[in-house]
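There are structures below to look over.
Each of the next two complexes has subunit A plus one other chain: subunit B in the first, subunit C in the second.
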Partner chain A sequence: MVLLQRPHILLLLIDTHQFLQCWIAFGSANEEGQQQEEFSEELLVKPLPDHKLLAHFHFQSSAPPSTSNGCHHHLFPKAISQLVQKFRVKEMELSFTQGRWNYESWGGFDPISSSNAKPPGVELWAVFDVPQHHIDASWKNLTHTLSGLFCASINFLESTATYSTPEWSFPPASGNVRYGTFPCEAVCTENLTPWLRLLPCRDKAGIALLLDRPSLYRGFYHSQRLHLTSTESSSEGIDSGIILEQTLTVVLQPNSERAIEVHASEKHVQPSWSLSSIFGKQVSGRCVLAKSSSVYLLLDRGLVAELKFPNKENGKSAANGLTSENFWSNPSFELSVNPDRIFLEESSSHSKSLSILYMFQVEKYSESEPFDIGLMWKVPVAWLCQQTPLHASRFLMGSGNERGAIAISLKSTQFTEGFMSANSKDGSCELRVDVFQVVPWYVKVYFHSLRVFVDQQPRAVSDFIEKIHVSPSKDKMSPGVMEVVLKLPCRVNTAALTIEFDKGFLRIDEYPPDANQGFDIPSAIISFPNFHASMVFLEDDSLNRSPLLSKFQDKCPVMSYTEVLLVPLTTPDFSMPYNVSTIKCTVFALYFGSLLNVLQRRVAEEERFLKAKAAKKTGRLPLLLSKLSAKLRGSGINQD
Partner chain B sequence: MQDLCTMVHLCYCLFLVLSPLIELKDSQIIFCTDVVSAMLIRATGQNLRLAYLRSLESLDLVKQIEVSGDIAALIYLCNPFTIVACVGLSTSPIENMAVILCLYGACSRLIPLAAFGWVIATHLSLYPAILIIPVIFLLGCGPDSPPRKLFLQRHQQKEVLNQSKLPPRFSWGPVIHFAFWAFLWSVYVLVLCGISLKQFGGLWEMFKSTYGFILTVEDLSPNIGVLWYFFAEVFEFFRNFFLIVFHVNILFMILPLAIRLRHRPCYLAFVYVAICSMLKSYPSVGDSALYLGLLGWFVNELADMQFSLFLFCGYVGVSLLSPVMHNLWIWRGTGNANFYFATAMVYACLQIVLVVEGVSAMLNHDRKLRNLITGKPQDAKS
Partner chain C sequence: METFINPKSLFHLLLLPCLLLYSSIAYNSSPVEAAMHTNNWAVLVCTSRFWFNYRHMANTLSLYRTVKRLGIPDERIILMLADDMACNTRNKYPAQVFNNENHRLNLYGDNVEVDYRGYEVTVENFLRVLTGRHETAVPRSKRLLSDEGSHILLYMTGHGGDEFLKFQDSEELQSHDLADAVKQMKEKHRFKELLIMVDTCQAATLFNQFQSPGVLAIGSSMKGENSYSHHLDSDVGVSVVDRFTYYTLAFFERLNIYDNASLSSLFSSYNPSLLMSTAYYRKDLYKRRLEEVPVTNFFGSVMETIHTDAAYKALSRRNSGRFEDEMSLDQSVHHIERRMLIKVNDGDEIHDINPEGEEGACKCPWSTFRNKFQKAENVDSLVNYGLVAMIPLLVISTWLVQ
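Coming up: the complex of A and B.
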C-alpha cells in the first residue's frame, strides 16, 4: 500500500532490481571469462589384428583451482576434490584390470597401450605434496579412502610390506612416488558402478550409455583407470586446478552372429561389427553436461599400409581434416556412417605409413536418431601392430617348495629389426631397458645371484648393467625392490635376467583362505626410456581441443608389464594348532619333570621303603604283581 | 643338507672372519676347525683322566680306566653329524671350537684362553653364556672329581688327615682373574663390532638382529628343532608367553644341576651344552656333534647308562628318517609338515632321555663310589 502511494519509491525499487539483475548477469559473464568446470566424453574404437576390437572410453573432468571457485562443484565429483585437498595429492593413478594385455597381437608402441595396458588386479601409485615423513601416513589414509570409494580391497596396500618407493625406474613419475599393486583382486561391476558414479551423466546419457555390463565383462581385457593431476597445492605459478581423467579400455570379440551382414566366404575376413552389435545399445545423443562428445575410429599405421588408399596424399596438406572421399571409402571396408572429420597423423619417424582417425560428432544425434557406427570388412586384411622394441615375459624356474628362480626374458620383435637396421650409425648403438620389479618379502630373493644372458650366453653382469638399485626385503616389513638399467646392443636377439630366491614360511594366520593356490609376485615393469609413443593429429580448432587427442600428443614413455607369477609356498597343517601346542608342551614337561626327579631322588630312602614294603607282603598275588611291575620298570631302582 | 644346518642370522664376528673367503667351498677352514676341536678335546680328556686317576688314588681305589681323551676325540671326528656339518659348510664347527676352547682353557688353567673362548662362544650364539657356571667351578675347584665329602669320609675311616690328598677348596683368585679377562675380551669384541657396524646402525642394531632374532624366533624355516612349527601354529596372543616359557626352561635347570653336580664341572658343562642344543631356538646337528663328542670324556663314569642301545638306534633312525620326511614334504609335496615335525619330536625326546639318563648314571656312579668307600657289600665293581 505504501508503495502504491509512493510511486517514486516503487520505481526506485524496480530500477534497483533491474540494475542488480544486470550486475549479476555481468558478473556471471565475467565468470564465464574465468575457468569453469568442464567435462568431455570420447570413445575411440580400433580394430585389432586378431579379429578383436579395442574400445577406449575417455572421460575427462577438470575443475578450476579452489582458490577461485571455492569448494562447490557442479560437474566435478566432490569426493575426488575432497580427496585431493585432504591428502594433498599431486598426481595419482588407480587402475582395475582383468585380463592380460596381449602385446604381441595388440601392440605396445602406441599411446593407448603405453598408458592403458595395466597389470591384472589393482595398481595404485601416488605422488604427494607433503613432507617426507608424512608420505607414508598419507598413503595409508589414501588407500583406505579409495577402498571405500571403489568397493575394492585397496586397503591391503596400506602395510609397508605391500608398497614400495621406486627411485628412478618408474616412468610415469619419479621421486616421492609410492607404488603398490594387488594382483589377486577380481574386478567386477561392484567396482565399475562407483567409478561411473563420478561422471556427471553416470551411465544414463551420452557415450557411457554404451557400457553394457555383460558385454564388457565378456571381453578379453578390461581396465578401468582413474588418473588425477592436481596443481592445487603446488608452489608453481601455474595453477590449473584438478584434472580427472577416467578411461575404460576393453578388448572385445565382435560376435559374428550379431554382425550386420554375414558373407558366405567369411572364413578369413575380419568380422564386421557395429556399436549395437558389440554393446547391444546405441548412443542416443550426448550428455548435455559435456562440452564435447565424440566417437573416433582409429586405423593404425600397419593397417593403413595394408589398405592401400587410392591417391593417398602425404604430409600436411591432408591434415586439415577435410572430408575427402579418398579416405573413407576403400575397397577393403565400408563405414556405415560418414565421418564428420578425418585426421591424418603427422609424420612419424618410426614408420612409413600414417594412422588415420575418423571423427564422429555425437551432438548431431538424439534419441530419435541414435548414433551407431559400424565397420564392414569386404576382403581379408592382415596387419601387425607396432610392438615394443623388445617383447618382455617373465617366468619361474626350479621345482620344489624350498627355492626357485625368477627369469625375465626379452626377445626382439620385428620393430627392433626394422628400427635397428635404420639406426645403426656407428655400430655402437645401445638399447636402454629399465626393469622395475617388486617381490614380496616371503619370496626371499638373493640379489647377488643376478645373472645376465645375452643371446643365450651367460655374460658378466657389469658388462650390461649400467645402474642398479636394490632394496632387500625385510621380513614382514618391506618387499624386495630391484631397479636395473640394462644397456643391450641394438642387434640383440634375446636377453634374460635370472635371479634366485628362497621361499619363506609364514604363520598360519598370514596365509589367505586358499593357501594352496599360491602367492602372487606382481608384474615387473619393463620400460624403454629412449622411445616415446605419441600420435600427433593436428587440430585447427585450438579452443575446443579434444582431450583424447591432446593425450595422444603427449610423449609418454613406452612401457610394458610382464606376467604375474604364482608361487606355491609350503603350508603347515592348518588343523593342528592345539595339537602342536599340546604335544610340544608335553615334551617340555617330560624333560622338566624327569630331570628334576633324577636330580632330587634319594635312592637310599627308596630302597629302605621298598624293603619295608616287601617285608610286609603277605599274599601271592601282590607278590606276583610287584615282581611284574619290577620287571616292567627294568633295572631301574634296584640296581644299587 | 641345508635342513640339518643352522639358519640363524650369522653373527657379525663370523661374517668378518669368513667374508674375505669368496668361496667357502674351496677353503679348508671348517675342516681345520674340526681338527683343532678334536685336538683340544683330546688334550682336555687327558687332563680329566689324570685328575680322575689322582682322585681315585687318594680314595685308595685302583681301577684301570680307558683313555677317555682319545675316545672323545675320535667320537667327535668320526661322528656323522660332525661330518655333515663340515660338508654342508655350516658355521657350527666354529661355534663348537669356541666352546671347546673355553673348556680346555678352564681345565688347563689357561685363564685368558678360557675367557676368550667363553666370550667368543657367547658372541657367536647366545646360549654358551650359561657355561660360565661350570667354568667358574673348573677354575675354582679343578677338574672333575668325586664329591668332597667322600674324601672326608675316607680319611675319617683311615683316621689320617693328609691334606695333600684332599681336593683343594674353592679358590676365588682364578675366578676373579677370569672375570677380568672376560671383561677385557668382551669390551674388545664389542668395540670392534661397534666400529665396523657404525654405518649399519651400531651395536643396538647388531644385538637386535642377532640375539633378538634368536630370542624372538622370527624366521620359521623348518629345522631339526621343535620351535619352528610351534610358533607357526600358536596364536599371536600367546606368542610372547611361550617365548618366555621356552627360554626360561633352559635357565631354570641351571641352578638345580649346578647344586647337584658342582664337583663335576666338565660333566656339568656337558649337560648344559646338551640342554642348550635341545631347547635352543634354532638347533642343528652341529650342536649335537658337540655334546656327543663331549660324551666321550665320561665313558668310564657312564658305562652303566641305561637305554644306551635304544638311544643309539634312535639317533640312527632319526638321522635317516628326518631328511626323507623333509624331502617328502618340501620337494615332492606328498607328505605334510607333520611327518617332519614328528621326526623332530622324536629327536627331542631322544635328547631328553640322553640327558636324564646321563645325569642319573653319573649320580649312580658317585653313589657307587660312596658305597665302596663306606664298605657296603652291595657291589664290588666301581
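Coming up: the complex of A and C.
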C-alpha cells in the first residue's frame, strides 16, 4: 500500500511544484508591467600602480514610482524612502571619508576617482523640491535625521555658518542645492553599520560579506558614499521613483608579508593578492535578493598598454566571441578563477589604449565552494594611471596668528601635454577650470586680494577669470563662498590663485574642546567641465546592463578635491577667565572691605561699647544661675 | 513608684499606632508610585577626549557591551563617546577597542551604535538627554524616551574632582547640575529608579546634592581619593581600563540574563585594596533593600512577569503587595543614612570626611529602630512595638501628674 502510494505523492509534489513555478512566473510577469524594486551588488577590483589595490563596492537599489503599494517596500530601505518623502529631496549625496585620495598615483581621470574620491570627513549636498524659503528648514531637518541614521555629527551642518548655497559651479547646478562639509568628522564602524543595514542582505550574504571592519579601516583610504536621486513620476507629483546608490571605495595594501618576502631585485613586482588575503573573508554565494551579483577586475588603460596583449589589435572580436584564451593566460599575470566574460572598452577620446574588464558571476558559487579571485604577477610591471588635466593642490602662506593667504596651485600633468599636442593644430586652445571654495567665517577672506599667477608670472585677473561669484562671509552667520571659472591656455605649466585672509576671533564658548589643534578649511573643488571621465564597455546585451557599468558610462565632469587646510587660530588660555575673575573678586573684596571698614568705624564709640560689654559679661553667668535657682525655689514654694 | 494608668494616657496610647497606620496607607495610595516597571534604559557617557584617555572609552564600551548582553536593546541605550579611538590614527588595531591586554574581546564589534560623539558630547547635550528638552529636529535615536516606569542606568566616566566632572577638557558638570537634572527628570516622570554609576576621581562628591527619591548612586572613590587605571597595554600604548570598571565587569562577566545576583552583592564585591580607592554608594534615596534588588534591574532588561487570571488586573495586585516597602521608605527619606564600604582597618583614616560622623550618635537608635521596624511582619507586631514605645511616655506622664 505504502509503496503504491508513494509515486502518487511524488507526482502530486511535482504537480504542485510545477503549479507553483507557473504561479511565480505568472506573478513576476504580472508585475513586469509596473516596475519592480531592484537591487544589485557589484564589486570592482583594480590594481593600482603603487602596489596597492582599489576595491569599489557598488550597491544599487531602486524603487519604482508607484502608487499601488504606497509606503510599502520589498527591498528598498524604508528609512530612505521616508526621508525622501518627508523632506522632498530630489537628489542627495552623503559621503564619509577617511584618508586622502592620492590623485597622482591612483589617477584622477576615471569614473571612480572623479565621483568617488571625496574630501576627508563628511560631505553632504542635497537638492530639494520645496519652495525657496523652506529649503533651509528642510536642510536642517535632513541633517538631524541623517545624523540619527548614520551615527554621525552631521547635525553640525544645520547652522547657517557651516553650509553654503553654490550658485552654478557645483555640478547639479540649481538654486535649490545646499552644500556642507565637516572635515574633522571621524569615520568608523558605527557609520558603516547603518549604511550596510540599508542593504537587503546587510552584511550577512553576498558581496557585502567581504566587509570585514578591521581590514577595511586598516586601508589607506576609505570612502563610503550614499547617493540618491528621486525622479518625479509624470502622473502624480507626490510619489516618486528613487534610485539609491551606495558605494564604498577602499584602497588597501595587499598582504604586506609577501611584499617583504620579495627580493630586492624584484622590487617592482606587484604584490599578488586574492580577495581572501585582503579582506580575510570569501564570498559564499550571492545575496539571493539581488538581481545581479558580480565581481569585476579592471585593468587600467595604462596597465593594459604596458602588458601588451598579443592580440590587442583584434581584441574586440576576441572579447565578443570569448574564444581567445589570451586574456587570462597572459604571460605577465595569472588569474586564479577563469572570468565569465571579458569586456573591452570602446575607444576613448583621451587615451590610445583601452582598459579591460573581467567579469565574474557570483551566482555560480555557494557556501561549499566560495568565490575568491586572486591575481598572481609573474613579471614586474610599472605603469601610470591617467591623471586629471591639471593637478590641484592647496596650501597656506604667511605666518603668525594675524593673517595669511590661501593658495591653490594647478600643475600640468602628463595628460595635459598629450592633450596639448593633440589640439596643437588650432592655436587658441583653452582649458576651463572651475574652482569652488567655501571658507568658514572666522577666516576672513579679502576677495579683492585675489591674484592669478600663470607660469609663475603675476597676471591680470580679468585675463584668465571668465566668471566669478563671491558671497562674502557674515560673522557667525554664513561662510564665504567663492566660485571661479578660469580659462587657461592649454600649454600652461603652472597656474596659481592666491587670496589673503585675516584670522578672526571667536568667543570663548565657540572654541571646540581641541582648539589648539587648529581649524579646518574645507576642501576646494576643482572641476574640469570640458573633460568627461567615462568608460564605455562593449556589451552585447543592453537589456541586462549592470548598474556599475552604466554608471561608468555617464558623462560626469572630471573633478578633484584639494587638501583640507588646517589654520591655527589664536587660542586663549581657557582657564584665564577663571583666574581673572578670581583675582578680581579677591581684589575687590580686599579693597572695598577695608575701605568700608575704615569709613564706618568710629573708634571712640566702639571702645566705649566694648567696655560696657566687658562690664556686663562678668556678671552674666552667675546672674543666670541665680535667676534659675530663684525660679526653682519659687516653683517649689508654689507647688507646696 | 506604682504604675497608675489613667484613662487619658490610655487614649494617647491607642491613638499613636492608628496615626502611624493611617499615614502609611495615605502614602501608599499616592498616584506617583503606582507606576510599574516598564522598561530599562542606559545612558553611557565617556567624557574624555584625546588618545591617552583611551581607557575611558574602553570603560564605556565595556559597560555598553554588558548591558547589551544582558538585554537592553540598542534603541534604549544612549551612548556618548567624546572621541574616536577605534579609527584613531594612533590605534594599531583599527576599528577595534580592547579593555584587556589579552585582546580577546573586541569591544567595538560590528554593531556599535554611537548616538553622540566627538564635539557633540557636551554638558548641554548631556543635560538635554536627561531632561528631554531637545530641539524638534533631533531624531528619536538621540533621545531618552523613558517613562515613569523606567529603570535607568547612568554610567559616566572621565576626569573629575570635588563635585564636578570634566567634559572634554573644556566644560564641567557640577554636582548641582546633575542633581537638578535628576530632579527635573523625577518631576517629569522620566524614571522610576535611577542608578548612577560614576568612575572618576572623587566620584562620591558628585552625589552630594541629590534629593530625588528612587536614586541610587555608586562612585569609584571617596572625596580626596583618586580612581586609578587597571593596567597598561603595551601594544596599544596606553592604559586600557580603569580599576572600578574592571572589577565591575569582572562581576558581570560571571552573570547571564537569568541570574539573580543582587545589587548589594555587586556593591560588596568591590575590594578597596584592589580598587586603590573606596567605592562609595549612597542609598538613602532608594527605597528598596539592595539585597532584594537584582542587578538586572538596571543592567539588564528583565521584565517581571505577573500571572493574572483576568486581563488588566496586574496593577492593583502589585499595589497591595507593596505595603511593606512603602513603610520603610517613609522612614528612610527623613533620616538620611549613608552606608559605605570601608574596611575596619582603614576606617579611621577616612572617618573625618565621612558624612556619618556628623550625624554621630543620634543615628544609632534610629537605625536599630528602623531595622526592627522593617522586620515587622504584620500590623500586630507593629502595634506591639507601638505599645513598647509608649511605655516611657506613659511613665513620664504619670510621674508628671503626681
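Definition applied: the second predicted complex is superposed on the first by the 514 of 640 C-alpha atoms of A that agree within 3 Å, B and C clash if a C-alpha of one lies under 4 Å from a C-alpha of the other, contacts with A are read in each partner's own complex, and residues count from 1 in each chain.
Operating definition for what follows: a contact is a pair of C-beta atoms (placed from the backbone, for glycine too) under 8 Å apart; a residue touches a chain by one contact, two chains touch by 3 or more.
Nothing here was measured: the structure is a model prediction, and the numbers come from that model.
Asks: After superposition on the shared chain, which partner residues are touched by A:Ser153: those of subunit B (first), subunit C (second), both, or neither?
Replies: A:Ser153 sits against subunit C, while subunit B stays out of touch.
Asks: On the A-aligned overlay, A:Trp168 touches which partner chain: subunit B = first, subunit C = second, or both, or neither?
Replies: neither
Asks: Where does A:Cys188 make contact in the superposed view: on subunit B (first), on subunit C (second), on both, or on neither?
Replies: A:Cys188 contacts subunit C only, not subunit B.
Asks: For A:Trp383, is the partner it touches subunit B (first), subunit C (second), both, or none of the two (neither)?
Replies: After superposing on A, A:Trp383 lies clear of both subunit B and subunit C.
Asks: Between subunit B and subunit C, whom does A:Asp514 touch in the aligned arrangement: first, second, both, or neither?
Replies: second
Asks: Using the touch definition from the top, say if A:His144 reaches subunit B (first), subunit C (second), both or neither.
Replies: The second partner, subunit C, only.
Asks: What residues on subunit A does subunit C touch that subunit B touches too?
Replies: In subunit A, no position sits in both the subunit B and subunit C interfaces.
Asks: Over in the complex, which subunit C residues touch subunit A? Could you list them?
Replies: 49-50, 82-84, 86-88, 93-96, 108-115, 117-120, 135, 137-142, 168-171
Asks: Spell out the part of subunit A that touches subunit B in their complex, as residue ranges.
Replies: Contact set of subunit A toward subunit B: 399-402, 475, 504-509, 570-573, 576-577, 580-581, 583-584, 587-588, 590-592, 594-596, 598-601, 603, 634-636, 639-640.
Asks: In their complex, what parts of subunit B are in touch with subunit A?
Replies: 2, 218-222, 226, 228-236, 245-246, 249, 252-253, 256-257, 260, 278-279, 304, 306, 329-333, 336-338, 341, 345, 348-349, 352, 355-356, 359-360, 363-364, 367-368, 371, 378-379
Asks: Quick one: which bits of subunit A touch subunit C in the complex? Just the residue numbers, please.
Replies: Against subunit C, the touching part of subunit A is residues 98, 140-141, 144-145, 147-149, 151-153, 155-156, 158, 184-190, 193-194, 203, 213-214, 216-218, 511-514, 574.
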